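Below you'll find a set of structures to go through.
The two complexes that follow have subunit A in common; it is paired with subunit B in the first and with subunit C in the second.
The block that comes next holds the complex of A and B.
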């Protein structure tokens, strides 16, 4: 067994084509099959026993999801909460990101790390505190309350993206506009804004997805009126209807896929992880 | 005059920073303080001070099991992530056919919600899932392997979810590496294995390390994965949630004490991580 593993490893090092592609494709299947199975489960009927594929196809589980799991209500909760969270996070992050990206801030690195701390500490730790504070303020089970809890984790993301966007803004371009006689207002609308808009957009999309997918913080602050899609999916797992849960998951996953393709095109993936840019 | 403008500039900077700082203090710092104070109150009371919650948790026989499990899962999944990421990065660096697809695949687990991943993994590795069908029908196993709700299963799921951090940093460090180093070693007569062992690996070590600390921290704080796929295995974050989710009345003080211990440990890992990042390239 170890001899076999050793030979395989050496073949990999020597870049033997067959081994390379076996490795890469099994990696690919290992990552993606779970999603394929969910997709099949959500449209399959009578899929029991030793069968590789469901024998019949159906859209019943999606109908169930719509009626029993009350998807219209749940989805509108999720979207309202995400919209509030995105708005608040962006409003917080615009000035702060500008200061961090373009102004002289004492101990900038330390400050950035501190602001990013909520992304590094397990959310359950401060979710406990948030839940207790929100109980007192009667914010639990309100859209605003759940959204505010999401801001705790969305705002650091927005600040990170926006500060690096503003940092990348070339001073010379702005000066050139001024030299050419553009007023400050004109420079802002015709030069600055178009330059930073992609950054702001990607910040909005990231915070939106973060809020849309957020589970831990929602779990601590939700109530019967503010069930979101991730919480509903979790509850459905507990209820044991795997087919309906799969249908819910497919609805839940759509924004993430969109982000995945956007990330691959625009953002360097290593910027996504950690976020402590070399502190 | 310049002193005056300086002061004004500082004030503007501070005003610009204040919304972000307000968010940080209101939604992170203050809640952490509330958690800390709650952990020092006797259970179910709003006044009085005690260290009893910490003492109760530390002397609980479950404590050792929970901490052991949390560390075991985080450490094994980190090690396996390194074992997976290094060959993966080495192969993808040569830009084989379809390397874009594989790069995208690396990002999948950290982009999609953990819940969905957990559900899909349970279906895939279940006794009737594709993995066991493969074992039974292709490899002629007599009985399916039980993977869901076991320790092995949890480790597999953790690696699936958290290896991305290690893979991404390893790959990006490797791609920043000057091929001249390897060329020099090869010209000097080193075998591919020697080039890898004595040149490439030491040079990309900082990348591997920083990525694996990220994987470790993510695995240490994992919540939705063990909540759904853990069964009877409850690492720290799930144990904290269960204090509130299962017990009636909810044991807020006990949960808070456990959460403080967890946060303190995470800060230690974070300091360790920043030290690795600061270390100059070897």
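The block that comes next holds the complex of A and C.
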């Protein structure tokens, strides 16, 4: 804290810096305060009125959440649906991204817009259409059905990331491998794959988090057997237990944070964004 | 044909209506450094890709070391190649990049290390073995590219504009380094470039390419001093072209009429009286004198139209007769001003004739 105070003291002397520091700290608080409130709510008891902090701490709400909200079942639904959605999206996006990124495709811009369309349309309108079709096909309340609905918004992400990854793959590097004596197969394993792997990984992470957090599309296609964490959390709000809802929210956040740290540690963030044009 | 390490025989390659290579014949002798020189789009890249196997010619055959490799895939041709954009593997260290061709050839670990370190020593990059390509400068990356191409002792070394992505000063240094390295190893090399200065400085022989055809093959001296076509003369170095008609031929000299002036030039083989031809002379071979200079052969009165100061030389445009403008480059010892009358001398021995 003394270091921080010292920095502020120096910042006071240099007013421009003071402005920057204050802005950054406000921004940080603005981003984190909802999480802080939820976190406190989920571990506090008898927290009413004008008190700044909860008077008693407890883990009861988490126990409630686990049993009443049937967390193990709900979490496994969420993960199974996300896994199916990621698999289908990636399988769709690999060839599409390759074609868009490396082949001469007529009307490429138009095609890309069409692929992005599900992300442009308001999700609720899109979800209604999907629900009508899925009722007829008996896909509602199945893991595959909910996952398929998710694919509509996961696949565009995957295609976008992978086409930019493949576009950034330098043809001449592959030629160099061939001249060095590597057959197509060995070029693929020693050069192509290691170069596109970060892109594929980032595509998987993006699609996974999209599916994991998806609410609107799930709401229109779920049933008693396929309830997911975001939907369960929303339902808990209706049931009126704010503390349990908060606990659910925290449970919902944990895997996201885990993924985020995995990304930070395993993959260089600059490689995630634009393929690796910079390398 | 035993003496040719690389040979293109009657190679033709079309891309739709565009003929990239039209009946190209090219042979690179064993141990020679040959340059394939031409402007962009002349087909030199296609010719190179026929040698690497990334392009299969529509007609004609490709030979490497006397073996017909036209239908052999790239990875079995035992080539070493250096790329314009370096094309190093970005996910491998310098060591791994150089090791790659050896790993592919399943050379035992111990021997591999020795060969990699030898190659790195050759380019003075031993201390950079654990660096990644992105941590190196352009010149260093290209040296690694060279090491990767040479490490497995390929039959031939192909260089595709290896210096184009480097800045001017480094380019000149690297030019000598590459020349020196190739001479020391005695490897056969084909060097593709659009830079005529590079071609002249590096090569044992130069092949000048234009519009899908090889225009002329010769030593740098031959190419520069006696170009066989207007294109070659124009592409390599600066040139004045004067169009005229042959009036007479006496004792090996042709008298060429250009408007009202007459030029004496050495007659090329096959020159005939009455023929239209091109006379060409390099701007630095033309001499300028004050207007009161006594009359000599091939000396004409003219007016300085324009001059440009280039540091070590001054570039004049002199109008000699109606429609005849001659470019002259002189050292700055005697200076003339724009609009000044001068005498222009085109020394007979420096004039060349191009029959069209």
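The rule is short, and it goes like this: the second predicted complex is superposed on the first by the 230 of 279 C-alpha atoms of A that agree within 3 Å, B and C clash if a C-alpha of one lies under 4 Å from a C-alpha of the other, contacts with A are read in each partner's own complex, and residues count from 1 in each chain.
Simple rule for what comes next: a contact is a pair of C-beta atoms (placed from the backbone, for glycine too) under 8 Å apart; a residue touches a chain by one contact, two chains touch by 3 or more.
All of these numbers come straight from a predicted model, not from anything done at the bench.
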**Prompt:** subunit A residues in contact: does subunit B have more, or subunit C?
**Reply:** B
**Which superposed partner A:145 touches (first subunit B, second subunit C, both, neither)** = neither
**Request:** Examine A:122 and indicate which partner it touches, taking first as subunit B and second as subunit C; both and neither are also allowed.
**Result:** first
**Prompt:** Of the two partner chains, subunit B (first) and subunit C (second), which one does A:199 touch, if any: first, second, both, or neither?
**Reply:** neither
**Request:** Once the structures are superposed on A, label A:190 by its partner contacts, choosing first (subunit B), second (subunit C), both or neither.
**Result:** second
**Prompt:** So, A:12: does it touch subunit B (first), subunit C (second), both, or neither?
**Reply:** first
**Message:** Contacts for A:175 in the overlay, against subunit B (first) and subunit C (second): which applies, first, second, both or neither?
**Reply:** second
**Common ground on subunit A, meaning residues reached by subunit C in one complex and by subunit B in the other** = 276, 279
**Item:** Complex interface listing, subunit C residues touching subunit A
**Value:** 52-54, 73-81, 83-85, 87-91, 100-101, 103-105, 134, 148-149, 152, 158
**Message:** Under the stated contact criterion, what part of subunit B meets subunit A in this complex?
**Reply:** 9, 12-13, 15-24, 27-28, 30-35, 38, 84, 87-88, 90-92, 94, 96, 98, 100-117, 119-121, 123-124, 128-130, 133, 136-137, 160, 164-165, 168-169, 172, 192-193, 196, 210-211, 214, 217, 220-221, 223-224, 227-228, 237, 240-241, 244, 252, 255-256, 259-260, 262-263, 266-267, 270, 273-274, 277-278
**Residue numbers on subunit A that touch subunit C, as the complex places them** = 170, 172-173, 175-183, 186-187, 190-191, 194-195, 276, 279
**Asked** In the complex formed with subunit B, which residues of subunit A make contact?
**Response** 9-10, 12-15, 20-21, 23-24, 27-28, 30-35, 37-38, 41, 48-50, 52, 88-89, 91-93, 95-100, 103-105, 111, 113-115, 117-118, 120-130, 132-133, 148-149, 151-152, 155-156, 159, 209, 213, 215-216, 219-220, 230, 233-234, 237, 242, 245-246, 249, 252-253, 256-257, 259-261, 263-264, 268-270, 272-274, 276, 278-279
